[in-house]
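You will see two complexes here that share chain A, one where it goes with chain B and one where it goes with chain C.
And now, the complex of A and B:
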């Protein structure tokens, strides 16, 4: 369930699922008014789905126990919407019927309407907090507004807005995880590997400070009641990476397999040492191996092109330099994260000859290059590379010039999921980041607030800031993993073998 | 705002009337060199206005002197900024215009002189001119490809000779011997006239000797006297006519520059269907007007790649307010138009890195261009190559909208020399001294997009396949003007 998730999260038990759909049902009609003129298929579908959900909710609301006042409020809101767009009246009506039920659900789960984290607490573990009870109407309004800013094609990817504060986090969330979440949402910890390692280390301290409540066993309680809130919190900060998903799955598997007869202390130390081993084997040692193998592909006189920043590519380059090879590095970068700038800086400091340009100049950059090394966010089972947005552009241009595109990727980033395009699965980052021009740290709050307000005022204007794209397998000549070099078509095989054994 | 202070197109045009021609030329050259007038449109407008002045101020009666003068100015301008090819294009257009006018005159005079084979007995001297002139202006801006059957435009021998003889720089490389051998295949009327002309004046002189080798004082002298005699024949009114016609022609050219975007936009509905997703790139008035025209009738979505770092500010301004930033002299009123969003079009701004990701959903790519080259390739803002290639990979048609004035007779033998590199400070801040010190930061402004990545060109003349562009080039520029 928790596996690889760049998607808006699927809460793991049925109850939150219903609330989730309800949440959705409240939204689409809200989206509809401004967009009525150009209804794409996706939108229609979404609307139909919303209708259905609303109906279902209405049916469920057999006992109209919702407080009288709240539905009224809601109806009022919807009426205003109706007058705005008569075309969606029916849908709105339906949603209105479901309103009572929604209210109920909202009440039960406590936080669906709360600004950022919405259905996170779920799991019935959380109680409502006064802080979350906030002005429902205002929040909804905000939601409507932000919905207008969503690119319809990517509508399914806009989950909850990223969390930038620990306000309203579930009370079980460990301080280490709290801090990590914020670091992730502001890109302080960024990159598939770094995030995975940081998460595992945080989980280590979670496990260390965990005590099994009386009357239950560690294997039963830890995962569902203690680890899940941590994971949900992390996910609310930023969708989990594939590697994180894989690591979480591995960890859960491990916990479930713990023999209940093992004393808690022993189990905990077992777990923490297993986590250490995992990090060491699957990431640290794997990186060393990959750097070793990949650097052997670099020869004197090469011009190695890389895109954005990958820790393994950097290690590979350094390794090749250590071996005394003489080559040049071209770093291609893109806004808004400018990760390549860090790479170029550190490589230049290490004595490399580095050329730096932006993605618009990629067509020029590949002219000099002889090899292309890129990192991965994940390798899909159909051999496609899921990586920082722009990688596909670079790979395409390199492929055009017959340059080998070599992907450095640990097998922990392999997934059994497949992808054909970059739209079905992706991560949509806040569009404000696009306007920060890299001068202000994203999430730093400063941004270009004034500009942004200007942008927000414009109807029909949307900013799209996706994080990843999918590179077709035919652009990729080789995938270097800790198990050796593979063609992209071998990814599913390797993934299967190693997910079975590990 | 600062437009009054910053040197640029508007202040230059304003100053044009007041300052002497020579200093205007110098002014324009320095503006070009300092890149204070940049991009095709402002360059084209400034060049046309300047040449208009040059022609108006020209104090001579000889066509060839005028050609020489324009050519000389053109050489200086293009030398100042060879990559602004619109400058050279306009100079060539004006040269072609003068030639056209001169040829018409020559044809008229020789016709009236010879007194036979004339279509109607009524045409005589200036009167005939006035009958024939109206056709000229339109033939400048919209040449019919049928007009010149041969690849090389018609060229009367007499003019050519007298030009090379009167010229001070007679070593110009553009005088090709084969021009002479090919004239027999011209259209009947031209051919007969030329034959008459040739046989009458210097029998057999052109058979083997290339014209460039004529010494200025040698065989050509009778011709010169003849052309002067012609001028003298028709009197001062005729000479005045010639200049006036050229000026009028240049005005037509200005009108063309003025209307080109609207003319192109008129084709919009032929190319955009409802609910389409269109990807475009950078800020371009031509593209915006094109899309706006379509937006009046149809609803579609525009995905706008922002072309960071060089054009992103312009792009943002275009998307937000429908105009480019006022940093340049583009702040004049006619540059302003409604943003697409105000026309009810959904505009999605994306960073350039997301081009590949979104391309699978894009129906059509519409690109603006800096220069179109004779082989069907184009030079456009950096990132265009990536977009065109991604479109090709996704089988998405790429449409390039461009005025004919951007069409350059230059053939890209060396693509690299067409690319201009810009301020590296836009890529990596100079504040970051450490970084800029050690890392080689490159910021190319343009991309060369080869012809095979383009599916269609839309110019003010209509839609063309890239493979057809050479024909339009041949229609608009004289072979002898290709090398300025």
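And now, the complex of A and C:
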């Protein structure tokens, strides 16, 4: 996904240590491809936001920071058009490419959001495109090159490269958030639950250290001027997960509803304690409930197959073990994150009989299994499961053998959006991650690694490293949530009921 | 809501143990015996209402405690509590929501209790009426010239077919035929009245339909696939409708569902909505009951434990109770097996079901979970 540039590509990501999950979920204007079914709503919202931002920007005309002047799109055609545009540009290549002219227009004006101004172009400037002033032709040529590295079908997903440094981050971004962002982009904090909780905890310190500037109120200022730079920064590190998006929506709603007459200290302590409650109720307690319910479905003699690593599945298995059930676990894992290793290790340490295999051997692993438990990144409203890439394969194999596929998922991961395939919405991780294992290989691996390290020079070679896939609802027997067991078709009902009440 | 203690009688402590003179299990059995039209969940609710009125619980927590204990007692006493638990859970849920609503005014527990009891009775009335409502909905599924395949002795199916037959007398005359699957057509001769009450109920429905001029053919279960080519739809009853939209019904329903699916015939389920239970079976063997359907044996191993006999023997189906004391003497191992199969149930997964006809309308299987969520949240 890296746009080749004069600079060396970002350092390959460190070895993953934790689970991770996420999605192109709450991706704002930039990543929403026009094909997304529900775009129209999002687009409206975006437009309104853009207009608002434009107004704000006009007021602060003097403020735009210097590095903001970097046009960043990859499309040469647009480039030439836009380089003329006097205004600052944060249109990402893919947004510009994907969206119609109108949308682009809005983007152009809308993008003058103070926060993103400060950080996004800076990122581009320092990393990708120092040659901003360079001749259009050169840029164009580079564009063409970069395009060849992208798999065309997934072209709309290649957005901003992930941020791996705090260089150029907006000055409002809280240190806790800065650190968290880097942890996310390097998979240290990984997994949609872990990321959601970590984000909320970081926001707690953001809120604690926040003081309302004179002449405005907390309810009006905090969200738009203080929280959104933090969110934008996190998003530039890795696209937000559905659960993070839901949590952010909840938090913003909470802030907006604060009575302006409430003293600031009180409002802040209310907010932080609400965040604690949210984490406790929607995630911690929910996990306990889910583990309780799901473990009741495990019986003596079962062979439970799981894919990659989900914290809830692990809790479920441990809970079942605590109940004295005797069963075996098969962990299926895959490149490049090898999240299942950690699960297999910790389960084995806890006394489980664990069989570990890679997804290449999934068909074999499924033979022995009696039940399949998987975690979720998100449950879509059409009952489909959006989870770590590879889950769909495992679910399909299990379905083929008539094994029940059970999804453990907190209702905070439910979304009103639908997914028909894994192409429209997904997250593309750096292609280099796919090669990371070559370095581990001893001996002969070296030569090959050398070859592959130059893959960008090969014109007709493209690497695709997507992070998620969509499992059709037919393959899913049951979804375990903290509210009980549901068929996948009931996901929208539960989502509707609980997003209304919470 | 804060429990309001109005009258603290000295007896209230003993009431907790659901008054010694009131036996919920025998009440339940009595109710079922008295009214052959009563279904298990309704009988359970009715006996709970009676338990409440018989007790002198004076606080809310006492009432709930009494309810919990009676429910547990009832469930423990009945070998297949699936259908029963649909009723008790529903009633319990209803009580809790009513008690949490401060509408009745704090401080007057008696008023709340009377309100509860009245509403409980109303609830039972409505549940009884629902069968007629379903029949009037479902009647329209039986079209002129149709041939319907059905099984078991479900009273709702009986009511539906009767209503369709009666409609044929009027202007919109519906002429239809019924193929009735009766598992052991000849089994009534050897044991006489010992045959399952369910069978006799099936026979009664056949008789009733024939009396009304509806041509009925009875076939054994082995002939279902053979008969499929002649039928237009399958209508079956259910003991419980589970969360994923599947049904728990008498043994043999699952295979009819599979065959109907294979032959692409619509498969309709008729069930009152009080039969919706909060249960999510993953497979046939994931039911909360212990069934002895598959018994491996080698020669000289034919005897079964008495405990096992009891388990399967006491009635498993909707509501009919065979006297517990009868079992021991009348049943030998051979007969036991027949009865066990007779009363056993299986789980028909939702993908085999075309529609569920309830008193609140015709639902797709996936809508069941929505209905249950509405009740429970």
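Throughout what follows, the second predicted complex is superposed on the first by the 339 of 502 C-alpha atoms of A that agree within 3 Å, B and C clash if a C-alpha of one lies under 4 Å from a C-alpha of the other, contacts with A are read in each partner's own complex, and residues count from 1 in each chain.
Methods note: a contact is a pair of C-beta atoms (placed from the backbone, for glycine too) under 8 Å apart; a residue touches a chain by one contact, two chains touch by 3 or more.
Here the structure is a predicted model, which means the values were calculated and not measured.
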{"item": "Fit-or-clash call for chain B and chain C when the two complexes are aligned on chain A", "value": "fit"}
{"item": "Which superposed partner A:167 touches (first chain B, second chain C, both, neither)", "value": "neither"}
{"item": "Greater residue coverage of chain A in the superposed arrangement, chain B or chain C", "value": "B"}
{"item": "First (chain B), second (chain C), both or neither touched by A:478", "value": "second"}
{"item": "First, second, both or neither for A:404, with chain B first and chain C second", "value": "second"}
{"item": "Which of chain B and chain C A:487 touches, first, second, both or neither", "value": "second"}
{"item": "Touching partner for A:253 - first (chain B), second (chain C), both, neither", "value": "neither"}
{"item": "Touched partner set for A:208, first chain B, second chain C, both or neither", "value": "neither"}
{"item": "Which superposed partner A:266 touches (first chain B, second chain C, both, neither)", "value": "neither"}
{"item": "Nearest Cα pair across chain B and chain C, whole Å", "value": "18"}
{"item": "Footprint overlap on chain A, comparing chain B with chain C", "value": "none"}
{"item": "Parts of chain B lying in touch with chain A, wherever the complex brings them together", "value": "275, 299-301, 303, 307-310, 319-320, 339-341, 344-358, 360-361, 381-383, 385-386, 389-390, 393, 419, 427-429, 434-435, 438-444, 447"}
{"item": "Chain A - residues contacting chain B, complex", "value": "37-38, 40, 151-153, 331, 334-336, 341, 344-345, 348-349, 353-365, 388-390, 392-393, 396-397, 400, 421-423, 426, 434, 439, 454-455, 458-466, 468-470"}
{"item": "Chain A residues touching chain C - in the complex, by the definition given at the top", "value": "297, 371, 404, 406, 477-478, 483-487, 489-490, 493-494, 497"}
{"item": "Of chain C, residues touching chain A in the complex", "value": "243-245, 278, 280, 282-283, 286, 350, 366, 369-370, 373, 376-377"}
